[in-house]
Structures are given as C-alpha cells and as structure tokens.
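Order of writing sets the chain letters: A, B, C and D. Residues in each chain are counted from 1.
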Amino acid sequence: MNKLCSLSQAISRNIEDGMSVATGCGLESLIPFAAGYEIIRQKKRDLTLIAPISDIQLDQIIGAGCARKIVAAWVGNVAAGLAHNFRRAMEDGIPRPLEVEEHSNFTIGLALQAAAMGLPFLPTKTARGSDFSRADHFQPLRCPFTKEELLAVRAVKPDVAILHVQRADVEGNAHLWGNLGVTVEAARAARKVVLTCEEIVDHEVILSDPNRTLIQGFLVSSVVHVPFGSHPSPTQGFARRDDDFYFDYHKESRNREGFERWLERWVLGVKDHQEFLKRLGEERVRRLKPEGNLFSPSVSFNL
Amino acid sequence: MVAAAAREIRDGERVFVGMRLPLLGFAVAKELHAPNAVGLFENGVIRDWPALQSIFTMSDPPNVARSLYCGGLLDVMGLMQSGRVELGFIGGAEVDRFGNLNTHWVEEKGKRVRLPGSGGAADIATLAGRCIIIMNHEKRRFVPRVHFVTSPGYGEGGNWRDQSGLTGGGPSRVITSMGIFTFDPATKEMLLSSYHPGVTVEQIQRETGWPLRLSDAVGETPAPTADEIAAVRKYDPKGVWTS
Amino acid sequence: MNKLCSLSQAISRNIEDGMSVATGCGLESLIPFAAGYEIIRQKKRDLTLIAPISDIQLDQIIGAGCARKIVAAWVGNVAAGLAHNFRRAMEDGIPRPLEVEEHSNFTIGLALQAAAMGLPFLPTKTARGSDFSRADHFQPLRCPFTKEELLAVRAVKPDVAILHVQRADVEGNAHLWGNLGVTVEAARAARKVVLTCEEIVDHEVILSDPNRTLIQGFLVSSVVHVPFGSHPSPTQGFARRDDDFYFDYHKESRNREGFERWLERWVLGVKDHQEFLKRLGEERVRRLKPEGNLFSPSVSFNL
Amino acid sequence: MVAAAAREIRDGERVFVGMRLPLLGFAVAKELHAPNAVGLFENGVIRDWPALQSIFTMSDPPNVARSLYCGGLLDVMGLMQSGRVELGFIGGAEVDRFGNLNTHWVEEKGKRVRLPGSGGAADIATLAGRCIIIMNHEKRRFVPRVHFVTSPGYGEGGNWRDQSGLTGGGPSRVITSMGIFTFDPATKEMLLSSYHPGVTVEQIQRETGWPLRLSDAVGETPAPTADEIAAVRKYDPKGVWTS
C-alpha cells in the first residue's frame, strides 16, 4: 500500500488534539523538526509530547501552545543550555501550564520498550533513590526469584510516533543507520507511525539489506519525503548539524516576544518545508550537506 | 579540570562519557595513558577513539562515523545496568556534601527555576561502577542539601546506597573549578583532597555551602603536564571547552 | 588486545567441566558446530547447554556424554525429526541421565535478555497455561500498575556463549547479518564469549559500518578463524546448509552404535576443523559456497 | 491441506508461518488472495514474499536473502506479544478435543517417548490472534486428553483461556489429513466442519479418540481449485511437501 503523502496531510490525518506524540527518538539526531513545525502550523492542541530529550523541539512546540503534558527525561537546548519556553510554561504557565511525567533516559526507553513488547511495565535497577522515581509511574517491585527490590516502569504507549529516517519505500519500510536512540522502541510502541525521510527508495533497495529495515511498513501509517526534515539536527549521511540555528534560537527565545518573532519567521510565516528551506538559503543548505567518502562496505546475502 | 578528568580514566575501562569537559578528558586519556578505554553514549554510540571533529552533541556525525558500534539507548544503558560500565561523568546545578546532584529545579530569589531534568544522569549515578562529578565551584551550587535529588550520590550518607538498593558504586571524586574532592569512606561526606594551583582552602570554603572537611592528604592539585596540555590542545585547538 | 587463537585453545581456555555454555543462538543458522566438535574432542563433562533450538548440535554433545543439563525450547533435527541421543538420554539415561530446564523460544530469549540487561527476570504474557510454565524458573507476577497477572521468566546467565559470525577483528568486534535469533542477547548475557568467524578483518572494516557491530570486542574472550565453522548449518553469504549431513546424521544416529561410528568418523577421528573439511571433501565444500550477486548497497556515514 | 491452510490467511495479515505445509500455504495465499500478507519467523526474519528457493529451515539463506527484515527472536516474538500477529500455524504429536497440543512426551507401549519440546509453539498458541492447528489424523494423535500441554488450546474448555489470562485468541481451525474442525463457540470443543473428498465421517471417527461432534454445517471440504493446485506446484514443484 502506497502511504506517501504531503507533510501537511500526514499531520492532519494522524494527529488529533489531545493525542500523545513521540518525537526526537534518535536523541540529538533525526529529530523530525519539519513535522513539528507542521504541528504548530495546524494549531494542534493539548498534545502529550513523549521524548527522551528533544534538543529544542519540545521547547518550540511548548512555546507554540500545542502541548498539555511532557513525558521526558530532559528538556533543554543541548549545546546552549536551558529551554526558555519550557521554563516559562513550568514557572509561569506561559503560554499555558504544563504537566511533566519525569523520566531518566533509561526509564523512558524502558517505558517505550514495555509498550513495544505489549507489556504494562518493565523492571529496572536504575533511578532508585532519585526523587522523581517516587512518582506514580514508578512502583517498587520484588523479584519473585531473588527477592531483590527493583523498580517497575509503567509502559508509555504513544498514539503516534513521528520518526525521521534516511530512506524508506512508499509502504513505510525504512532503512536507518547511525545512532538509533529509542527509535525502534517508539516505532513499535506507538499505535501509528508517521515517517519523514530523506529519500524514497524502491522496495528492492529495502530488500537488498534487510538488517537495516529497522522499521517495518506494517507499523507505518504515512510516509513523507522531507529532505533536511531533521534540520537543524543531523541525519547521518544526509545533513550536518546546523549549530548556529540552535544558538540563535536560544538567544531569540529568551523572552516571549523574541520567541514569537522567531516562530513567525521560521514556522508560521512559511507555508511548508520547501519555503522553510528557501528561507534558510541555498548557501546555508549547501553547507549542511555532508561530504567525504565514509561509505559502508557491502555484505553478501548470496545463496 | 580536563586533565583531572582524564586522570580518572583507567586503561581498558568502559566510560559513560557525556559531553563537553569529560568528552575532552576521554580524548586526552586515550591519547596518554588509557589507549584501550571505550566511550559509551546514551544515544547508542560506542567509540574506541575520539570523534573525528569537534562536536556539540554526542549524535553529531563526527561522533557517529567510524564508531565501534551504533545501536540504541537501551543497548548502552543495558550494558551499564549489567555492571559493564566502570565509570561515568555527571554534573548538575547543585551538589550537596553527600554528592547528591540536582538538575530539576532550584530556587532563585524565592522563585522556582525549572531546569532540564535528568537526561541520563540519574542512570549513571545509580548504575555506573563509579561516578565523577564535574562542577563549577560556586556557593549557590555547593549547597548543604539539594532541593531535589536528580542523581543520587550517597543520599543521607553512610550506607544509604546499600539500603536503597543502588547497584552502582556512587561518586568517587568531585572535580570542580577550584579543587578535587573525595568522599569519607565511612560517612560518605565530601573531603577536599586538593586545591588547584593558585586557589586557597579559604577561597574554596567561601564558595562551599557547608563547613569544609579536609582529607588528611590535602595538597595542591598537580598542574597539567606538558603532555596533558598538548593533548588538550590537540582535541580543543580553539579552546572552546578550555579557555 | 589481540584475542586470536586456535579453536582448541579457545575451548580449553574458556570452557571448564561443569560450566554452562550457550550455543546455537542464531537458531538454525550460525550454529558453531566446529566448536562443539572440539568440546567433544576435549571430553568436557557436566556441561549445561543453553540454546533455543539447536538443530542437531545439542544431540551430538549429549550423545558424546558431555552434558548434564539442557536449557532449551526444542531439541531435535529440524529437517528430519527427533533427536535420537536426546531421546536415549531422557528415556534410558544413555550415555548419561539428563536434566532439562524447559522453555519456549520466547522465554529462553527473555531469560538471556534478562541476564544481558543485568536483571534477575523479565515479565511476559507467553506460555501461560503451558504445563512447562509450572516449573520453578517461571513464577506468577502481578503488574503493579494494571494488576494483571504475568509470568516472570528467571534470568539465564551462561558462563560462556559460543557464537559463529561472518566477520570479526582480532579484538572480537564482530559484524553479523541475516537472522540473528538470540545471538546479541547471548553475547551480553554470558560471562565470556568465544567467537568463531568466517573472516578476520581489519579494525577499519568494523569501523566502516558500526551498525553491524552487534558484538563488541569488550565482551569477547577469544576469536577463532573457522571458515565453514557453522557447517552443516548455513552462514549467510559464506556457507549454504548441507542438508544431506543432517539426514545422514539422523539415519546413522538412530541407534547408539551408529552414533558412535558417526562420532568417530566426523569428530573423534579427525584432529581439527581443517581435517574435518578435508573429510567432507573439496567437491562438497565447493558446492556449499554461496553464489550470486545479492550484495547490500552502501550507506553513507559522511560528515 | 496446503490449500486449506492457504485459505485461512487473509490479505494483509501478519502470519507466524512456521515450516513445511504452512510455509507452502503462505506462498499459495500470497499468490492467490492475500498478496499483502506478511510472514514472520521466530529466527528474526520477516518476509513479504516467499523464499527464493525451497528450504528445509526458516534460517536457510533463501529465506533470509531479500527478506523485509532480519533481526532477532525477541523482535518477532515481541510483535506477537503486542498483538500484531493475527495468525499462527502450529502442530504437535497429540491434540485433544479442546485443541491442546503436546510436543513434550507421549507414551508408547507403556514407555515414555521424549519429543523435542515447545520451540515457538507455546508462544504462538498463547499469543497469536488465532491459531490454525495442522495434524496428521491418527487415533494415537487425536486423544481425549493430551499427556502434557505444550501449547494450550482451550484448556478444559469454556472460558478457560480468559481465566488463565491468555491474550491470544486460541485455535480457530484444525486442519487434518482427513478433514477440518472448528470449535464450539461456548464449550470450545472441536466440531467436525468438513471431511476431505473421499473421506467419510465414520473413518474420521475411527481415527479420533473421542466421540466426534459435528458442526451443523458439516459437509465436504471444497477440493483445491485449479489456481490453488497450480500455485502449490509452483512452490513445491517436486512434491516434497505435497506428494
């Protein structure tokens, strides 16, 4: 089944107000920023955002007023520091109050993995003694064999996971490589998956290296061709990190007015991802294209 | 600080590196005395040599390309939970005298300031064989009791970690911009073990929110060697992290 | 650290009488038969063998009298039927009585994964209502969140895992592809790993595709270069399945005398793997070499 | 039997295929009425088209090359545990009237005969959306009560599965060499729903270890169509599995 559609269609078809949405699952890379901008343009409301860390994406969506709740281990700006919109929402309820389900990176990974495996929880030894582990989504659990005490992490089952990948076919079978974060777990935990990808490839390309098909088409609802869809975060082999974009965002979002100007310039004032790239400028986009000859060698699947 | 961090990495160890100073310390240690150390990153990357270019995040392409392994977060965290990560570096907005760290929220002028949260820090603090805490030494950061325990050190001291069932060893050192601390083996209180060249114990006391306890062997931190300085310059030629 | 050694050294250094040994972790492929023959030649005793299924390898080692206990989901001959030595051991204690810790494929995978993750157990919904799930290594467990009843599977932590892979460097960093079974879980669950591989490659080859380095050198104790080390089981890209070998084994092992003749001919009567391949014959080995042009395409790790 | 197995596979379903007859049934279904069905194998392989050559095990290179996905056992089992596998095929040495299967041990002439064990069968029986049981129809195999429950069907009947907390739907059909059975919706007893061409109800009763119950709609199994026969021949030209 051909699931190819526009980014605008993918967001409007799959995401409704009030849903929970997993994003930023590659950690600092493969963050589907373009999809996040479209969520903002479509004025989705009351979303629960799920992400281990999000670099600045959660901050953007929070600042735009789309989020009611955050399920995360860390919300900030990895290179530059604090997330100003997150702070304003948590400290002053601007633009709206925000609930947080606090995790560590490991526990949010386990929470997604639990859902991916069809389980209501998974056990762990991490985070014991942390104040956030006293929240309701953690419970003490005694091992029935050794009697040692562990921590049970409640499953997190997103309504939708938005994932950026290197290449996919029109059915949503996707090849990805480089660091994976919790991408595979999120793809299997979520009820629906929206893929944005750098390249659409023939099904034959997928079949030629099945060990890279970490997301299978039967999990995927929509596939969108969005080159540089992870900008400013990197996509190995396709896009460098645009460090300046993060530093500029950090400066400009320091106060609410500055953020609103930023939002107008980069999101609300551009029609779509194409126009966004135009605004970035040809020269800047060119500079973000990887170069070199670091290609993987071939392996044989011969019979 | 980078040299001090590098000295903590032993050859052959698996190290949860994190970013910034520890990342540089890892590169320096690999260059000098720990050629077989392996660096682990919570994004799923495992490296046996430094990143190809300087980076801002662990997921930047130069940290991914030519790595030893690229997988998922649970892969790497699972290795740590199973006791295979000997050392981890962490930091925070606040630390207290039992080495507990806070990166959730602090109070400034009577108002709560929200911070980013745990990330992988609580995992490293609870699971790594031992932890090194790296901090800028300021009075508002060195507090008698953290507002919120994000990454537990020795809790309320003594055998609190055992009682709480934590499997990692806890903090072994605190490396600050002014000196280096160890922990009292029994009470688990922080002990000043050395002050950096040009810094006095009195200055450190002024920037510490509780009465300092000194290690019996307290003295000056050995200055970076020529080799260490050269290695730092090699991996941070522009002085982005070490100016 | 260079961990390269001979197969005989790898077995004598890493496996002692009484140890638990995981094998056959790729399921029907990548079974380290050559290493199993060396275990038999070295007359290891009282081993606990851990494997989901083993095709005929467990049957061989059981028949040779090396095993005291089996931790498995299935012991047979996949293409031909029952495992005669396993039957003789279970029914008549020949050559010695055998204890079995019964699993399903899923539960043995979870048991290894629990150990790999440093946990004493993992929860599951499988195997409930099966008679074997009443054994001590399964316990009922109530989810602390949903209160639903699950099954806890006790961790299985092998002393040694023997794994056959396509290529490795001398430190034990290994690239593998094709179906993986429980290979990765076993590599991380075990205290020590012995790798047998089709090719020894430069460290540079490993670094050129880090997503394939599913076993990291720091987990590995010994690396052995054993081309066709999985024979008669297949290794994708390097060795076809030798179907006749399984059928012949099935016929010849039907009674104890036949098995002893088989063992003499293929294991005890040959010095090492080189001699084993010679006995197979050049023509037969040639026919087992894969052909074709099913090679994976390259991917970019450029900066 | 292959045609009957193929007919059970609906388009778009994810099917735990197993080997031999069901594998062939999967190929036939893909060819005829279920082009979007996907086959899952417990070794970690997921395929959206039949193996490239005929195979003896699911890990043979022709079943691996050009597959949709190659991963691990837990990947595929996890998909099933999370409810994403609609159908699985299983068999056994013994089946009883509630569809319980035994592949652990049987008694012959008063002596225990040890069988291979569960493999993935217990997993499929407990977790798949529904199961199809495929068996040779012999009296020693169709027993009132299995010696050992390897792969639970409906246990002791009625709502035993719910009471036991099993999440998969249980057996929906038993396809034998003589006929096809369904299950009574209330009591969960096996009901003969059709007998293969040339086989009588009396013959089936003789090979069944309990008093047969007939479905209201019992009749002859529709013979394989020309298309089905052609598809079977395409994938089993030598008649290895269907002689």
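Criterion: a residue touches a chain if its C-beta (ideal position, glycine included) is under 8 Å from a C-beta of that chain, and two chains touch if they have at least 3 such contacts.
Remember, it's a predicted structure, so these values are computed and weren't measured experimentally.
Asks: Taking contacts as defined above, which has more of them, A-D or C-D?
Replies: C-D
Asks: Using the average of all C-alpha atoms in each chain as its centre, how far is it in Å between chain B and chain C?
Replies: 40
Asks: Can you give the whole-Å distance between the Cα centres of chain A and chain B?
Replies: 28
Asks: Would you pick out the residues of chain C that each touch at least 2 other chains?
Replies: Each of 118-119, 124-125, 148, 177-178, 208, 211, 236-237, 240, 290, 294, 301-303 in chain C touches at least two other chains.
Asks: Quick check: what residues of chain D touch more than one other chain, meaning two or more?
Replies: Residues 45, 61, 64-66, 70-71, 74, 81, 167 of chain D each touch two or more of the other chains.
Asks: Which category does the touching pattern between chains fall into here: line, ring, star, complete, or other?
Replies: other
Asks: Quick check: in the complex, which residue numbers of chain B touch chain C?
Replies: Contacts found on chain B: 14, 36, 38, 45-46, 52-53, 61-62, 64-71, 78-79, 81-84, 167.
Asks: State the interface residues of chain C toward chain A in the complex, per the touch definition above.
Replies: 118-125, 137, 139-141, 143-146, 148, 150, 152, 154-155, 166, 175, 177-178, 205, 208-209, 211-212, 236-238, 240, 290-303
Asks: For the complex, which residues does chain A have touching chain B?
Replies: Residues in contact with chain B: 26-30, 52-53, 55, 72-76, 78-79, 82-83, 86-87, 90-91, 100, 102-107, 109-110, 113, 124-133, 148-149, 177-185, 233-234, 236-237, 240-241, 243, 246, 290, 294.
Asks: Flag every residue of chain C that touches chain B in the complex, lowest number first.
Replies: Touching chain B from chain C are residues 1, 115-119, 173, 188, 206-208, 210-211, 213-214, 216-219, 301-303.
Asks: What residues of chain D sit close enough to touch chain C in their complex?
Replies: 19, 41-45, 56-61, 64-66, 70-74, 77, 81, 104, 111-123, 125-127, 148-152, 155, 160-161, 164-167
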